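Sending over a structure as structure tokens; questions will come in a sec.
Letters A, B, C, D and E name the chains as they come in the text, with residue numbers starting at 1 for each one.
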Amino acid sequence: MIEVALRLFENKYFLVAMILFIIGFHTLLTHSNLIKKVIGMNIMDTAIFLFFVSIGYVDGAVAPIIEPGVEQAYINPLPTVLILTGIVVAVSVTAFALSLIVKLYESYGTLDAEEIMRIRSNEP
Amino acid sequence: MNGGHFKTYIGSTLALFVFWLLITWTFHYQSVIGGLVVCILVVAFCRDIMIFGEERPRVTLLNFFRLIKYIASLIISMIEANIDVAKIVLSPKMPISPTFIEFKTNLKYDLTKVVFANSITLTPGTLTVELEDDVYLVHGLTRKHAEGVIDWHMALKLMEMEEG
Amino acid sequence: MEDLIVRTISRTLVPFIQVYGLYIILHGHLTPGGSFSGGAVLGSSMILFALSFNLERGAKKLSHDASTVLECGGILIFAMLGFYGILAGTNFLTNLKAGFYPGVPGEFFSAGFIIFITVALAFKVASTVITLFYNLIETEGEAHD
Amino acid sequence: MSIVLDTLLLSFLIVCAVAVARTRDLLSAIIIYAAYSLIMAVIWLQLEAPDIAITEAAIGAGVTTLLLIATISKTRREE
Amino acid sequence: MRLVIILFFLALIGFTLVATVAEMPLYGHPENPTNNEVPERFIEKGTEETGVMNIIGGILVDYRAFDTLGEATVLFVAIAAALSALKAHSH
């Protein structure tokens, strides 16, 4: 048990990424407010980004900006590149979701997902 | 586009170029050429929002020294006000008496008005809430703080700079 | 928001923010940064300008037509530079082997087409940010009905 | 020293994420989310990824917050 | 009732994820399976093949330029979708 706890503390970045994923997922599932759902989705996004980038980290290494004539270890650049595109895709998804929310508010007058479902079920 | 505006454009380009040199920290000829092109493009894009001659004091060497003196005395009064506010906050009775106060200054230009308002905000204990034409609305932590702002010696220094 | 303090401070700051954004873009091959971050900084400077004056003034500064041109032109330049590789007898989007100017690594003008693509993509990202913000905040009742 | 700083930043992250979920006022939730993004930018620097740090500070804390605030200015503030 | 089911499944997912973390390779260890020959090659040959000092910029715009082109397309599609949703007629 103590071994597992020590291992978890050693891998604390991975652990925190998983906890943030669960928190974001919980926000996304249980809150009925649409903007809260979008924020929860963003938290899930950043949790996955954190997981990816911390996989690429190497102890005692520096960022991959080459200095000529200096011998040193560099971190793994591939996760950084993948996440850089991921952040921009995340913000475009957020923008699209927000524009849909604005239109939903215009036609139903509420931000509550369950209320929108109720209004829709009463419609013929 | 008259002569005074042209001087403003040249001065803004120089200020932006000094900023470019500070962040690149190199004198390589390619970087210097690129920086000049970037600064001229930015000034051309922002040409209608520059701070022109009728809104600021004239830029002279004397005013530059006065600005340095102003910043030095601002830092000194910030330290004094910090100690003062720390005493008030740490004392068990908390002798605060929040006060709003309105007053006028004789500052002419927009830029000096804004510099004075920001100096009031930077010193702990007082806070500029609103600046409408000439009238400052200041919130003070105690009555003494709020009344001390009215005849603050910093405004005199700014008026000296305005006269050139 | 018509506040004298906010307006004067943002008039002073916007040129510096734009120079910093262009520095991040143009040094994408030397220092941290690049198209996405620099484009976001440029777009944010325009949003600050529009917020501290008013939206109409900002729309006059960078009109919708201009941002459409930036939007489509950025991605078009990207694809055209890719097709130059095919023209030179190599693959799509080939850099140094297709004959772009290599320069000395570490200098300002180096690394072939990377600097062109970075600038094109950065202006695309900047105009995306500005357009999304404008369309979310614009007042109702003028576009339709 | 680094371990202490890392643990502190990570616990701030979790506290901010929980606070976003618990806050009733949407504007407060958005401001807390901006603080979360800024802490995330510092963590990217700790992980030696300065490119992502700049991008996160500009996009995550700047643009996403602006878009969310623009949305609640068009809709409503209470949950 | 729905809340209980949600919480149960969240606890299940959380337990699985945390158990995965306990079995992951050590954080920051240089011998990890991710640090194989691929990043080594990028770091060794990156400067001479693309002429950049910032390897991340080189990978983003040169080695994986096609990926970045697709990503620019995603931005384009996102803005087109957002505009068409916002400017649509109400009826």
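The rule is short, and it goes like this: a contact is a pair of C-beta atoms (placed from the backbone, for glycine too) under 8 Å apart; a residue touches a chain by one contact, two chains touch by 3 or more.
Quick caveat: nothing in here was measured; it's all calculated off a predicted structure.
> Which chains sit in contact with both members of the pair chain B and chain D?
Common contact partners of chain B and chain D, which must touch each of the two, are C.
> Give me the step distance from chain A to chain B, shortest route via touching chains only.
2
> Please state whether A-E or C-D has more C-beta contact pairs across its interface.
Between the two chain pairs, A-E has more contacting C-beta pairs.
> Return the chain whose centre of C-alpha atoms lies at maximal distance from the corresponding centre of chain E.
With centres defined by C-alpha atoms, farthest from chain E sits B.
> Please identify the chain with the largest separation between its CA centroid and the CA centroid of chain D.
Of all the other chains, the one whose centre lies farthest from chain D is B.
> How many angstrom lie between the centres of chain B and chain E, each centre taken as the mean Cα position?
Going by mean C-alpha positions, chain B sits 44 Å from chain E.
> Could you work out how far the Cα centre of chain A sits from that of chain D, in whole Å?
Each chain's C-alpha centroid was found; their separation is 11 Å.
> Roughly how far is chain B from chain C, centre to centre by C-alpha average, rounded to an integer in Å?
31
> Measure off the straight-line distance from the CA centroid of chain A to the CA centroid of chain C, and report it in whole Å.
The mean C-alpha positions of chain A and chain C differ by 25 Å.
> Mark out which residues of chain E touch at least two other chains, giving numbers and ranges.
47, 53-54, 56-57, 60, 68, 75, 78-79, 82-83, 86, 90
> What residues in chain C touch two or more of the other chains?
Counting only residues that touch two or more other chains, chain C contributes 30-34, 36, 106, 125, 128, 132, 135-136.
> Can you tell me which residues of chain D touch two or more of the remaining chains?
Those would be 50-51, 55, 59, 63, 67, 70-71, 74.
> Touching residues of chain C toward chain A in the complex: what are they?
These residues of chain C touch chain A: 30-32, 34, 36, 106, 125, 128, 132, 135-136.
> Over in the complex, which chain A residues touch chain E? Could you list them?
4, 7-8, 10-15, 18-19, 21-22, 25-26, 29-30, 54-59, 64-66, 73-74, 76-81, 84-85, 88-89, 92-93, 95-96, 99-100, 102-103, 106-107
> Could you pull out which chain C residues touch chain E in their complex?
Contact set of chain C toward chain E: 28-35, 71, 74-75, 78-79, 82, 92-93, 95-96, 102-103, 105-106, 110-112, 114, 117-118, 121, 124-125, 128, 131-132, 135-136, 143-145.
> Touching chain C in the complex: which residues of chain E?
Against chain C, chain E makes touches at 47-54, 56-58, 60-62, 65-66, 68-69, 72-73, 75-76, 78-79, 82-83, 86-87, 89-90.
> Give the list of chain B residues in touch with chain C in this complex.
It comes out as residues 12, 16, 19-20, 23-24, 28, 30-31, 34, 38-39, 41-43, 45-46, 49-51, 110-111, 113-114, 117-118, 128, 130-132.
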